[in-house]
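In what comes next, subunit A is part of two complexes: it sits with subunit B in the first one and with subunit C in the second one.
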Partner chain A sequence: MNTENNKSNSVVKRRSASQWAVAWRRFRRNKAGVFGLIVVLAVVFIGIFGDFIAPYPAFPNPQALAPFYNGNVRTPPNSHYLLGTDVLGTDVLSDILHGTKYALYVGVVVTLITMAIAIAVGAISGYFGGAVDNVLMRVTEVFLVFPSLLFILIFVRVLTLGAGVGTAINFLGITIPTGLTIVILVLAIFNWPGDARMIRGEFLRVRELEFVEAEKALGASNKRIIFRHILPNILSSIIVVASLTIAYAILLEAGVSFLGFGDVNTMTWGQILENNFANMRVVWWAELFPGLAILITVFAFNLLGDGLSDALNPRLRD
Partner chain B sequence: MTEAILKIEGLKTYFFTEAGIVKAVDDVSFEVRKGESLGLVGESGSGKTVTALSVLKIVPKPGRIVEGKIEFKGQNLVGKSEKEMQPIRGSEIAIIFQDPSSSLNPLYKVETQLKDVLLAHQSMSKEEAHKRIVELLTLVGIPDPEIRMKEFPHQFSGGMKQRVAIARALALQPTLLFADEPTTALDVTIQAQVLDLLEDLKQKLGMSLVMITHDMGIIAKMTTRVVVLYAGNVCEIAKTEDLYEQPRHPYTALLLAAVPRLDRKKTLSIIPGNIPNLIEPPSGCRFHPRCKYSDAKCEVGPPTLEEVEPDHFVACYRWKNISLNGENTIQ
Partner chain C sequence: MLRRLRTLAQSSMSRYIVRRLLYMIPVVLGISIIAFITMYAAGDPISLIKMGKPNIDATTLNALKAYYGLDKPIPIQYLKWLTNILQLNFGKSLYGGGSVNSLIGPEIWPTIELQVISLIIAFAISIPIAVLSARKPYSKQDLTVTSFSLFGVSMPTFWFGLILIIVFSFSLGWLPSAGAKGAAGFLWWGNPALDVIAHFILPVIVLVYVSLAQNIRLIRANMLEVLRSDYILAARASGISDRKVVYRYALRNAITPAVTFLALALGSMLAGAPMTEYVFSWPGLGRQYVSSTLGLDFPTIMAITMLITVMTLIANLIMDILYVYIDPRVRIR
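This part shows the complex of A and B:
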């Protein structure tokens, strides 16, 4: 591959394919992964523009209850209310479209916080080893053995009670619901240990590779080795785990909301399910379609994660 | 005699494993002189690599330097902190590793890897760095450096990768270069090229080279002086010619006899036994259980290095009583 370049006077131009170009080529061949990516992109699109495409505005706006005032409570899906209306007399399709941004907010922020903690703990633990590793891993295990769903429910309930009803944080002109943010923080705090262990394992593996020793011999500092040499080498694993974490976080938040512990003032998909649950036999459409939205989104992120995993870590494939 | 650039005295590097303390390097002393090629030879596990890593103070855990002095250009490296060592590594003392396919980070282009090293230790503009990289790659004999520097390590063959590794080690013009079995992972045809290159570069840049190898052929070709290590101890230090002509330590003689030669009809001799367990090394001279000349004295205390002739040291109680004939003997 690399000795042919002197044969003729004109130098053969070869494209230096970076790891990412190769991975993208491999990813494109994976139909399920590409499908996942397309759906994820669609979800992201709806997350950003959902408020504009929704037939009815979101709740604080009185127009949200227009179907109710028109006497269209619990209307089955028809040509006007494509997915019907729910027990409160709001349009289910609009609720789902508005809820998309919350699903993404939950997925992305939980994942960002989870990965930040997991990378910090995993990197320190895996790279330095010894007593530090011991302490950090014991702490991680403490978190792992917690019955986390129970603790999440308790923490969310206790913390959201004090958060005030319907308050929101204004961040760069975007309104962020306080209650949901608290839910996110609690989810992230109970979600990092597994990922931290994975990252620690990756650090242990890459730390032993000869190029790390070579960099050290060239005078590289620990900081440089961690951030410039080891972390980029395990980035592919981190990306895969992150995409799966997004899916898991969305599912978890839906579960917490469905159980009635979520932020009642924010219409997440789980919250729609919870609101209509008591009348499920009547308004089955108000349960089915938000459920499908969760299913499709989580499924798409999982497909994307699997596709990325195959593309970035081909050796892991069976 | 030229001055010593590196003086190792009584170096002890132990690995504190769960099975016990592995005395990988146990009381090793030798010096590297300015501009010379020194060979560090011994079987696997004799402490060659650990000695080199000790000098750079990058002994992997659970190993650490327990005792000894490593004097480089007049300063003792043993007492230095991580922070004080970083500027020395790479720019004063560099090392080339055995396997070039794993000693380069697969994620970065060759250019980036070299640039990193250049910019980490000195400030230079992008153009200067670029020029220097082309210079370095030309120096180590990589054709079309302008093009090849934009490529990733996996696009290079083993020999070419080792050239890149050498270029990287030489980027900051170290005064002392350790080459840790630099050709073991390469094809025989490429080996000679890489060795010639190292020899050539050593001449050009006037640095001192420490060749770590178990290959007596490379020692003969490349070095002017040899340190023979056995189980973490120094057996013999001599000029290469003297060592080949008249080895004084039975182990050295056996090493030499184990080199295949066409003009010798006898079957290739092997050294009986294995390298000892370094957790509980044999008492006295560590080689005595495998040595056919050993007597009661050898089992008692470790022998010290004695000067048998100018610049020829041996650590053996019985060197006066035995006659070894270098390359041609050993039954």
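This part shows the complex of A and C:
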């Protein structure tokens, strides 16, 4: 790489750094957004260290049933079991702490897949237009009236039939539950069209700006324009949508599990709710607290998303 | 000539409706094909029954397959299903031996009733709240409204229902926890009409709160944008009262986009019916859908999917027609 190129690179870098610094300053002033960020960080911390904080180990470990063997099934919250024990005789607090990592796994992986597809499709469709764009618009229109929850349920049910729900994949020492992963893939498949539409709109907007025209006149390739010029300009919108998608995915997975379509051997928050649903007259604490965990997490991601949106796209604010 | 004919035809509302109905056909067909392929890709339902009952003999299995028409190739099965469905015959349920029609027929109305009532209430409440909030953006009342609605979109629908049941049915004993009607011997509030109302209250609260939250966020955002526009400034400058500016001039432009959203909201509410209906054991299509999908009752799943798709599309059409009347700038193309 020659010196001139390096120089222009460093100029771009410095300017973009200050742009992010400005956004961060604006974000810091938004109390709700900062609160969301703090809660999200706390949830991530629990997701990583939850297994060590929890008083009892996770379900496949026989020790998880210790309260059961001590005759403490369906115990209301007390000093020993802070959030009570559920119908299976496991400690609800431990279940929630262990379940945090699954909630984050669902949120993050669904969002990564969704955004990857949405950016690819949105970029092609928004930048090149033409027939591809037409097809994409028709497809997303169908998806807008599509009863997607119904299809998510059929897909999950049919796909988990043969796949052996109880099995898990061992990846670099991390156990990844198969059933939950199937749910994640299905959620991502039905989630990308809305985001692709949004990214297409952004591409259409930026494509018409003068600097893109200038870049074209200088003979830049399409690839360069898309990745080096347009994409960084719409990154702020992508970040905002991504944080809202995480929230949405966590909610949807909880619903799918609650309806009985989830992975029975993976204690996600929705799964705890489903297990205790039939007995909720007795074990109300096993319904209240896991739901609160979902609410707090999703609320925090939504607050973060709104805060980022205000900080990164100040034009939208009054 | 041709062009003039076309504009003539297009200016008529009935032609527009017919065209929209025709446009629905490929969408419905596409969705039905996707649903059909997904389910039958899992294997035929009779072989799945065999997984549960391993000692069933081969002749019985073949007879069962022939009875349900599952011995034919999938494209033939699909065509047969399609011709039946055009005569509103959804086939035989794999459970209980009855027809799908007799199974889901009584469940259509409870679902429509619940959804439409909730949607109307939600829309009626959300407009004044959103306007109140947008008139003074970032004030205390606006912050209350926005955090309340953000809370609403962050809450699992079904969980809100669970909490209401625990509080109002189990703890306080004020309202029924399940079903659409009391049993013959016991009526809530002592009267059949009041009994029906008592059963509606909790599910309606859940559905209203959820769609209220989405509506308020949308109408508030529109209202903020409209209140910034030049014609509002002009109206204010000519001394028209604030109340009139907001309610007469701005509101109309702020709710028109929300009408489109109303159609989408109805669609997502219909598709979300499984959640609420499952929680409240509501005798509707959504609850039936959950148990049929868990039990792999393919003909019933297909029937409900198709019904909900068609209902959503029709709701969309009605909203689009309303839109033309509300907003004269929208011309039928």
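In this text, the second predicted complex is superposed on the first by the 299 of 318 C-alpha atoms of A that agree within 3 Å, B and C clash if a C-alpha of one lies under 4 Å from a C-alpha of the other, contacts with A are read in each partner's own complex, and residues count from 1 in each chain.
Note that in this section a residue touches a chain if its C-beta (ideal position, glycine included) is under 8 Å from a C-beta of that chain, and two chains touch if they have at least 3 such contacts.
None of the values given here were measured: they were computed from a predicted structure.
Spot which of subunit B and subunit C makes contact with more residues of subunit A, would you?
C
With the two complexes superposed on chain A, say which partner A:His229 touches: subunit B (first), subunit C (second), both, or neither.
first
Could you tell me if A:Gly130 is touching subunit B, subunit C, both of them or neither one (first, second, both, neither)?
Only subunit B is touched by A:Gly130; subunit C is not.
Once the shared chain is lined up, is A:Phe211 touching subunit B (first), subunit C (second), both, or neither of them?
First partner only, subunit B.
Could you look at A:Met280 and tell me whether it touches subunit B, subunit C, both or neither (first, second, both, neither)?
It touches subunit C, and subunit B stays clear.
Which subunit A residues lie in the overlap of the subunit B contact set and the subunit C contact set?
Shared contact residues on subunit A: none.
Which residues of subunit A touch subunit B in the complex?
Its residues touching subunit B are 1-3, 5-6, 11, 13-14, 16-19, 129-130, 209-211, 213-222, 224, 228-229, 232-233.
Which of the residues in subunit B come into contact with subunit A in the complex?
Contacts found on subunit B: 56, 58, 60-61, 82, 85-91, 94-95, 97-99, 102-107, 109, 116-117, 120-121, 143-144, 147, 150-152, 155-157, 160, 165, 168-169.
So in the complex, which bits of subunit C are touching subunit A?
It comes out as residues 27, 30-31, 34-35, 38-39, 41-43, 48, 137-138, 147, 150-151, 153-159, 162-163, 165-166, 170, 224, 228, 264, 267, 270-272, 274-275, 278, 289-290, 293-294, 296, 301, 304-305, 308-309, 312-313, 316.
Hey, which residues of subunit A end up touching subunit C in the complex?
Its residues touching subunit C are 32, 142, 144-151, 153-155, 157-158, 161-162, 247, 251, 254-255, 258-261, 270, 273, 277, 280-281, 284, 287-288, 291, 294-295, 298-299, 302-303, 306, 318.
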